[in-house]
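These are the structures in question, set out in turn.
Below are two complexes that have subunit A in common, paired first with subunit B and then with subunit C.
Coming up: the complex of A and B.
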């Protein structure tokens, strides 16, 4: 399977392996490319093949108050969720590994459980709770709901880094005379930062693209972008959706690229 | 761990997460379970009484729709998981064994890119591909392969295709981590002892990656049985899953109590699956630890 053990000039098995994987990559990426084509295609309805290039759908998207309000709300919610979940999740992972808590395995599974349980149920349960308490559907309720489903990602990526952590580095620092606080801030924190940030990227995206948790928690005229797009798509399937999709793809991608500059992409695979 | 017998002060860092989870996770699920046993909202309706009628409505299911919804939810989830595994494994293996750093980064980007495009956007993409006037049907008709558009959408087929595309990156990332940790020299040793490449893979790498297969499948199954957007847009009126039923009860029927009962049922189903898979996973990692 690996190139190193395979020195023959042509290898049908290996070629088939490569062809299969490239085909699978096409399956993954083609739909996104097609969205771009439709975003630039000027016909009033989604039709194939495209007849030209225009920016009319992007104009429609950016001129629409409904889409713009939703976009800003989504960005604002996702940013707050990123900050909250990095703090809460990072601290939690540290406590789980270093706090010598009783029932650590159970606690870890417990904090992961929002990922295991249907997200639509988390939204439904919070909807019921807000209904019972009678607080309506405030934005902070939505933010905390998103934080709840984003925190497990931060915990998971931070735990992965902490498990690979060579504690002898900390011991060395301590032996050399660093105080526990200094060891924490100058050794531990910089070493776990990639894990925490990788989790933060997931947290942002989980919130920005969140639909099931938001579904029951948004109010009319206070809907996040995915909810607005969903409602629009039920009646209209025009290029505005494609343009909105491209904008949200580019936004999410730029967040990833910024964080990739900061931490390196390798941190993602250490799930 | 053994150096400290009691929780260290660092343990207090768990407090914010614990508070969040108690107030916004445990209590709401408790509320949902309680609401499912009331006839109305007990907070503003003094006539609301305790009842099991919402569960009876599901259980006795005179029209047969609720049982069908539960069954199609499970069926769609299972098919999606199997297909995602078949697609995800080769990609994960390729990525984990790739020598070139640039190649690895590019494939990783390609796998993550769909994850960055929310479920609504990706479902939209598949609608433009699979609908009657979509990309595939247009091309098939143009090439004269078919006279009328194939029914690729508004059925379970379209739902599964879009769900697989949406959840396969979770499978790939889970598997890549596990396959990457398998020592490549084990496979090389098997080959130098005379095993073919396929045999070395089937007898060495594949069994060692079993925990990843189970973990990835668990994740994809849990995600796809709770999907709402994709079945409701890709399935149209021909597919009805449990999450769609729940949304109907909240949105159009405004019966949050029956929605709560349906929620409890979906919750129990997911819990059974999660616990079962976790047990298998724990046993596997236990065996590996002993070996």
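Coming up: the complex of A and C.
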């Protein structure tokens, strides 16, 4: 790579490619930058240009019982949803690929269908169903609803790993004396785990950010963060909203990073 | 190390209820033997091996190993070693953990596992790579890990499914020598599946040539090469001339044909092409009667180089032309 003799001539195509990439990045990141600016701007209303830097909106956010309760509820619900969808989605994907089930394509489409349906319809349908059954709107109902929407993400990432899975590796373990159960826990599970957890990250975020489904299924005093933020915005539009958004973004990001550290999602960034 | 004889008795396997992969195959493999299953793809050799391993269950027929009927025994209770073409190493485990796997399944005590893993790795010249992951190894090294992993449990039977297929030519030849020496030293019964006839000839004590789910011929490499029984066997192994005399097909190897002066020739003709192969030259000769014949001219001593267009005379000994069944 050294020496000026092999220097590449200016390549218009390459320059255009770079420019397009930069534009895309700006497009994706600009909203976050704007939220950050508003979160740090001390004026009591959203204004531009910012007049200074302060943490007063973050203080307000963290000092508010309403916000804090909602944040904890959201985190708690999202964690349970992560665990449930990893279990259900992982098992579903295994059954779809390995189970020799009749009508596999239909079943796959069926399990993926919550992705096609507008979430607001899912929320409304569940709300009416819960009313009909007469269970009201318990927290576990909310968790079930989020899980329903989150499971397809886990199914999809797990299916991707299973399709590229070399089954000879399992056969090798069996010849070496591993019973089917041991093959599963010693070989299959460790090898599909990154795919399952990549889906789990999506599941967590889908639940944590979930608004349309939650809207129908939360009760007063038991609202998740997106719903509380929505209600807050109807009356106030100050920097606390922006601060709350920043906290949400950072929390979601840290979940991704922690899981990446723990189980190495790197291999699945390609997906 | 113990070894066991293998017996396949009228074994048949059909896939999807239509495709007959293995058709009433009977084979007797002696204890301690290096036995190859040779044939083109789809001939049933891999399916036969997979039935011995227990991955596929025969529709009919029985399989015996060491005098015991294992037809209905699940894979993990058959106590065999197997080496796959793709190596099938556990990618999430180190070399040492890969090799230790079979011992762990057998609940061998920890200190003994460590000792035996060390010994197995030394046997395949991999000492020092214990902590590596399979992805950090070359193809040849992965192959050796797969071999060590299979042999460390001291199986009476080692099954190999085209184990050298993914290696380049030079490494492949080296591994052929190593595998054969290792097999002799350990005395394990080795069933070797390959589509490479040279490999089968070079390594086997005995071999079975398979075609369309059936065994065409079983014998030592010399028997298979020198005394092919069917047209398929003659044609599949090496180059062959099929002569029709009195309605009987006879097989004649190109190297059995001598180039002689016209008066002594059984057949005279013209050289059409001459393929120089280093140690020999393979000539295609068009005989006067229009038949095309392959002649291998080995390069020993003085030789006249033949070029396309040269007139040549061909002769051979009668006993070198082997009568075929069909």
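Operating definition for what follows: the second predicted complex is superposed on the first by the 256 of 271 C-alpha atoms of A that agree within 3 Å, B and C clash if a C-alpha of one lies under 4 Å from a C-alpha of the other, contacts with A are read in each partner's own complex, and residues count from 1 in each chain.
Criterion: a contact is a pair of C-beta atoms (placed from the backbone, for glycine too) under 8 Å apart; a residue touches a chain by one contact, two chains touch by 3 or more.
Here the structure is a predicted model, which means the values were calculated and not measured.
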| item | value |
| --- | --- |
| Partners on subunit A (subunit B, subunit C) - clash or fit | fit |
| Touching partner for A:86 - first (subunit B), second (subunit C), both, neither | neither |
| Partner chain(s) touched by A:213 [first = subunit B, second = subunit C, both, neither] | neither |
| Subunit C, subunit A and subunit B - angle at the middle CA centre, rounded to the nearest 10 degrees | 100 |
| Touching partner for A:142 - first (subunit B), second (subunit C), both, neither | neither |
| Touched partner set for A:120, first subunit B, second subunit C, both or neither | first |
| Subunit B versus subunit C as contact partner of A:249, first or second or both or neither | first |
| Which of subunit B and subunit C A:40 touches, first, second, both or neither | neither |
| First (subunit B), second (subunit C), both or neither touched by A:95 | first |
| In the superposition, subunit B vs subunit C on subunit A residues touched | B |
| First (subunit B), second (subunit C), both or neither touched by A:150 | neither |
| Nearest-approach distance, in Å, of subunit C Cα atoms to those of subunit B in the combined model | 6 |
| Parts of subunit B lying in touch with subunit A, wherever the complex brings them together | 1, 4-8, 10-14, 16-18, 20-21, 24-25, 27-29, 31-32, 35, 41-44, 87, 90-91, 93-95, 97, 99, 105, 107-129, 131, 133-135, 138-139, 165, 168-169, 173-174, 176-177, 180, 184, 187-188, 191, 197-198, 201, 205, 218-219, 222, 225-229, 233, 243, 246-247, 250, 256, 259-260, 263, 266-267, 270-271, 274, 278 |
| Of subunit C, residues touching subunit A in the complex | 53-55, 74-82, 84, 86, 88-92, 101-102, 105-106, 146, 149-150, 153, 159 |
| Subunit A to subunit C touching residues, read off their complex | 166, 168-169, 171-180, 182-183, 186-187, 190-191 |
| Subunit A - residues contacting subunit B, complex | 1-5, 13, 17-18, 20-21, 24-25, 27-32, 34-35, 38, 45-49, 87-89, 91-92, 94-96, 98-102, 107, 109-111, 113-122, 124-129, 131-134, 144-145, 147-148, 151, 155, 205, 208-212, 215-216, 226, 229-230, 233-234, 237, 241-242, 244-245, 248-249, 252-253, 256, 265, 268-271 |
